[in-house]
Amino acid sequence: MSLVHNFPFFSILLCMVAGIFSSMLKKEAAKWVTLSVSLGVLVLSAFTLHLTLGLDDNYPFMMGHVPAPWGNEIRIGRLEALMATGVSAVLFLSLIAGFYHAPAFVSEQKTNLYCIMVDLALAAVLVLIYTNDLFTVYVFIEIMTIASCALVVVRQNGHTLVAITRYMIMHLFGSGLLLLGIAMLYGITGHLLMEPLGIAVRQLVLTGQYNGPLTVVIALITAGLAIKSAMFPFHGWAPDTYAFAPPLSSAILSGIISKAYIFVMIKFFYRVVGMELIISQQVHQFLFICGVAGMIIASVLAISQRDIRRMIAYSSVAQIGYVYMGLGMGNTAGVEAAVFQMLVHATVKSVLFLSTYELINVSGDRKRFRYLHGAGYRNVPAGIVFTFAAMSMVGIPFTGGFIVKLNLAISGMAFGGWVRALVLIALAMSTLLNAVYFLHTVVSIYRRPTQELVYPAVDPMPRYAAAAMLASLLLIVYLGVGSEPILQVIETGLKTFS
Amino acid sequence: MSKRRSDWQTRPQARIRKWFQQGFTALDDEIINQISQQTIQQPEVSQMMEAQREAMDTRRYERSLALERLERHELQAWVRTRGRKAIGRVYVALALAMAVLMIFFLLETVAHMPRFGDPNAPVTNEVTERYITRGVEETGAVNIVAGMILDYRAFDTLGESTVLFIAASAVLILLRIDRRKDGTPVQELIAAESDDRHYEPRADRILQGSVMVLTPIILLFGIYIILNGHLSPGGGFSGGAIISAGLILYLDAFGFDKAGRFFTYKTFAWVSFFSLSFYALAKAYSFYMGANGLPSGIPLGTPGAILSGGLIMPLNIAVGMVVSCTMYIFYALFRKGGL
Amino acid sequence: MQLLYENLEQTVAVILFGIGFTILLLQRNLIRKIIGLNIMDTAIYLFLASMGYISGRKAPIVVDGVTEVSAYINPIPAGLVLTGIVVSVSFTGILLALTVRLYRRYNTLDIDVIALLAKGEDA
Amino acid sequence: MSFVHIILLGMLIVCALAVSLTRHLLTSLIVYMAYSLIMAVIWMLMESPDLAITEAAVGAGITSILFFVTLKKIRAIREEGSHEQAEK
């Protein structure tokens, strides 16, 4: 085993140790540590990706002295490495673009606590991406929940407190369902690691034993993860949380953290129960319907918002709907498109939240649309970035969003009858609605103000923040233009996933 | 001019309805307004008119906002009185139905689960077998549960300690009242301290006397449980909780002034920092060695002796310290927002 | 019914889960909601712990060097529940801290009223 | 399944119901504490002493202490508020 094989483990360890160390650091030092940790994880993950591209299959990494069914392990394949690279790249860029306005929402003595939360959230995301054990999934999901709670609540006004209380109650209910599901699955199979679990589950399906409990287990775990990732009917907590959180936290929450839950769900489907069972139990249809409903209804709700941040929060729910629609199609092409959408959405949404903050900031911290008129002139880079990100949301060619929609449409074409019709109608409707609200926002930030509002002078955003945003922009364009190799990695990665 | 200024200020439903009825442009009559204003380019007079119109518009906007607020207020009043009852009843009925349905489904599942106490249940498989038959020789711990959570599945336990640490940090974010830069307390902190002095028992003789007797016993018991974690039931978590209970009892009886002599915020920070980093690094070492197939080089000792179990006892001590500090700081933060 | 009686532990656990869930949904008082959450969690732990019990066997602490499978109960669920208990106490701490903050701001524990008041702050 | 066991399980359900049906918060907290202790006893009977000791220390001990200190804090805030009102 060469040194590079250890890199995923090193990246997890780096985040955790940095989180622990940050508790003793002063403000600036903690910021630098967090930044360098995300860069370090990016480099380590890139190396891992390079390594796994050369391997045919994924490889296990024992967390201890004993092998798989007894000890704990993580399992590294190219899909995992790709996700880790994407997540850490997005986090790195968001931190550069968003860290400088930390003093606006975190008091000085609490900045290092905020950094702890970012570090540990990244650690939890990495563990969820790599892990191969269901109980580890539960423990680190709880870490992620606490971290995101604290990320939101550093800004202590009434809205965040109420939003986060709702968030916590929903999420704890979700973890309860998840844990109950894991407990039942353990009870009928006797394993917690995913590979032996998969074998045991297939055995159970063959013998027909415990079939009822197995269905309930799938339902419980799916429901728990769906609540946590803001799938449409369970999205109640999401808009307020995303809208009132500090911008950097919203970017991390909706861009990165919500993706980890979905990745775990895909892992559970592929590695533990097997896609055949999911299809024969009709779970995928439930996800499909929820995804389609979410795409349309959340978009309509987004149109009706008066606060620009709430609009983006609702569009986040709609975008999660795309992921679930792809996942719910049940064929490989659909899941591929869903994974690609996760990457695209992580990039686009984080940069959208950050650029929106800049636009609001130059408009005197007012969030309604009428005050945003002309914001695109007052802060040119943020305006450009917002426009491009909005175009990706709508699905203009040469952006990541276009490739997603194209792939979803193509994988929908593989079906006949109502599924195909529903996919195409949903895509068309959603694109139209996206165009309505995003292009209207773009128009309004570039419109001359009708009435002389006094905008207080603010410090211009630092050069490096603008550069980071533009870099994210390049990433979006790259996802739109050079998507072929990434899709290839996802395709081959999914094959070795089970 | 009979129109309101912008449709973005009206209620969402109205906006959607309008959009359906009149198309996208209707939402933007402001653009049209603006263009028409620009085309009639007459200086002075038109500017004055415009200013007047702006003022009127603003007033109208304010009024529409006030109306909206009133509307919302009425709605709230309705919601508070009759609506709340109606909605509340429906909600209660739905929630109860859902809960009953869920219990029913889960009961149905339970009826098909493996039997309670069955030695042939699927959970008794090769994993359990190895833990029991070879656990002692592989981990050196007589208490198989301790061996399991701190050796075989140590990654989960590392995560669990991290949960405690991150929870303490989150509560710090929520409740800690910061001092100013120069170290002087802010108003809120002074208020919290005077509150605390006001509402807590003051130098109660009986309490102090019994605490003087009880605290050492409780602490000793906690330490015993931590140190014997690999030999008997218990371990870092329960022992740490017991120790923290003893500390809280002491704090309650003697107040912050006396407890602050041996336990300040710095104590908390350093202790949890050292124990957690020791924990993480020790486990990282053993994971790295295990994954790369290298011997760990840590002697396991004779099973049953107090100095056995390899890393388990130090890890238990680390966990115990983290738990006790975390719980104590929870309590202190709840009481007055700091130590 | 007979089947449920044989699995009495799990049956009770499921009923407790439902009760906790109902408290969580129906109680408007934040502190009761938190207790409901705790009941829900402990119900799951009871469920999990009951999975490891094997009648007639002893706790998994090796006595006199006996290391036969038939002597001890399953240690795994106990370890998992141990982890779970600590996780749920951390959550309780955070939620109570939130409650204190909310109460300091709005002087009530009723979550619906708090939400209304928070909305009213805007206008 | 012994008789004691069944009674204990029944008491668990009674306690859980009582939490939501009692009028005073303090009562429901004490009932919850009893619930935790019963849970600890059940785990003791189920041959899991590790769990029993942890639940008794963490669930019945620390969690209840946190609940009580919260209640106390809340009462302090409330009294403070009424005090101010009276002054006005």
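Here the chain labels run A, B, C and D in written order, and each chain numbers its own residues starting at 1.
Operating definition for what follows: a contact is a pair of C-beta atoms (placed from the backbone, for glycine too) under 8 Å apart; a residue touches a chain by one contact, two chains touch by 3 or more.
Values in this document were obtained by computation on a predicted structure and should not be read as measured data.
Q: Using the touch rule from the top, work out which pair, A-C or B-D, shares more C-beta pairs.
A: A-C
Q: Could you state the distance in Å from the CA-based centre of chain A to that of chain C?
A: Taking the mean C-alpha position of each chain, the two centres sit 28 Å apart.
Q: Could you tell me the distance, in whole angstrom, between the mean C-alpha positions of chain B and chain D?
A: That pair's centroid distance is 19 Å.
Q: Centroid of chain B to centroid of chain C, CA atoms only: how many Å?
A: About 15 Å, centre to centre.
Q: How far is the middle of chain C from the middle of chain D, if each middle is the mean of its Cα atoms, in Å?
A: Spacing between the chain centres: roughly 12 Å.
Q: Mind pulling the chain B residues that touch 2 or more other chains?
A: Where chain B meets two or more other chains at a single residue, that happens at 106, 109, 112-114, 121, 123-124, 127-128, 131, 143, 145, 153, 156, 159-160, 163, 166-167, 170, 174, 233, 235, 237, 330, 334.
Q: Enumerate the residues of chain A that touch no fewer than two other chains.
A: Residues 135, 139, 142, 146, 149, 153, 156, 180, 184, 186-187 of chain A each touch two or more of the other chains.
Q: Which residues does chain D have that touch at least 2 chains other than itself?
A: Within chain D, residues 49-50, 54, 58, 62, 66, 70, 73 contact more than one other chain.
Q: Spell out all pairs of chains that touch, sorted by label.
A: A-B, A-C, B-C, B-D, C-D
Q: In their complex, what parts of chain D are in touch with chain B?
A: Residues 49-50, 52-54, 56-58, 61-62, 65-66, 69-70, 72-73, 75-76, 80.
Q: Can you check the complex and tell me which residues of chain C touch chain D?
A: Interface residues on the chain C side: 8-9, 12, 15-16, 19-20, 22-23, 26-27, 29, 31-32, 34-36, 38-39, 42, 45-46, 49-50, 52-53, 57-59, 61, 73, 77-78, 81-82, 85-86, 89, 92-93, 96, 99-100, 103-104, 107, 109.
Q: What does chain B use to touch chain A in their complex?
A: Interface residues on chain B, with respect to chain A: 5-6, 8-9, 12-13, 15-16, 19, 24, 27-28, 30-31, 33-34, 54, 57-58, 105-106, 108-109, 112-114, 121-128, 130-131, 138, 151-156, 158-160, 162-163, 165-167, 169-170, 172-174, 176, 178-179, 181, 269-270, 272-273, 276-277, 280-281, 284, 286-293, 296.
Q: Show which residues of chain C lie in contact with chain B when the two form their complex.
A: 3-4, 6-11, 14-15, 17-19, 21-22, 25-26, 50-57, 59-62, 65, 67-72, 74-80, 82-83, 85-87, 90-91, 93-94, 96-98, 100-101, 112, 116, 120, 123
Q: Which positions of chain A touch chain B when the two form their complex?
A: Touching chain B: residues 1, 6, 9, 13, 16-17, 19-21, 23-24, 61-66, 69-72, 107-110, 113-114, 116-117, 120, 123, 127, 133, 135-136, 139-140, 142-143, 146-147, 149-150, 153-154, 156, 180, 184, 186-191, 200, 210, 212-213, 216, 300, 303-306, 368-370, 436, 440, 443, 447-448, 450-452 of chain A.
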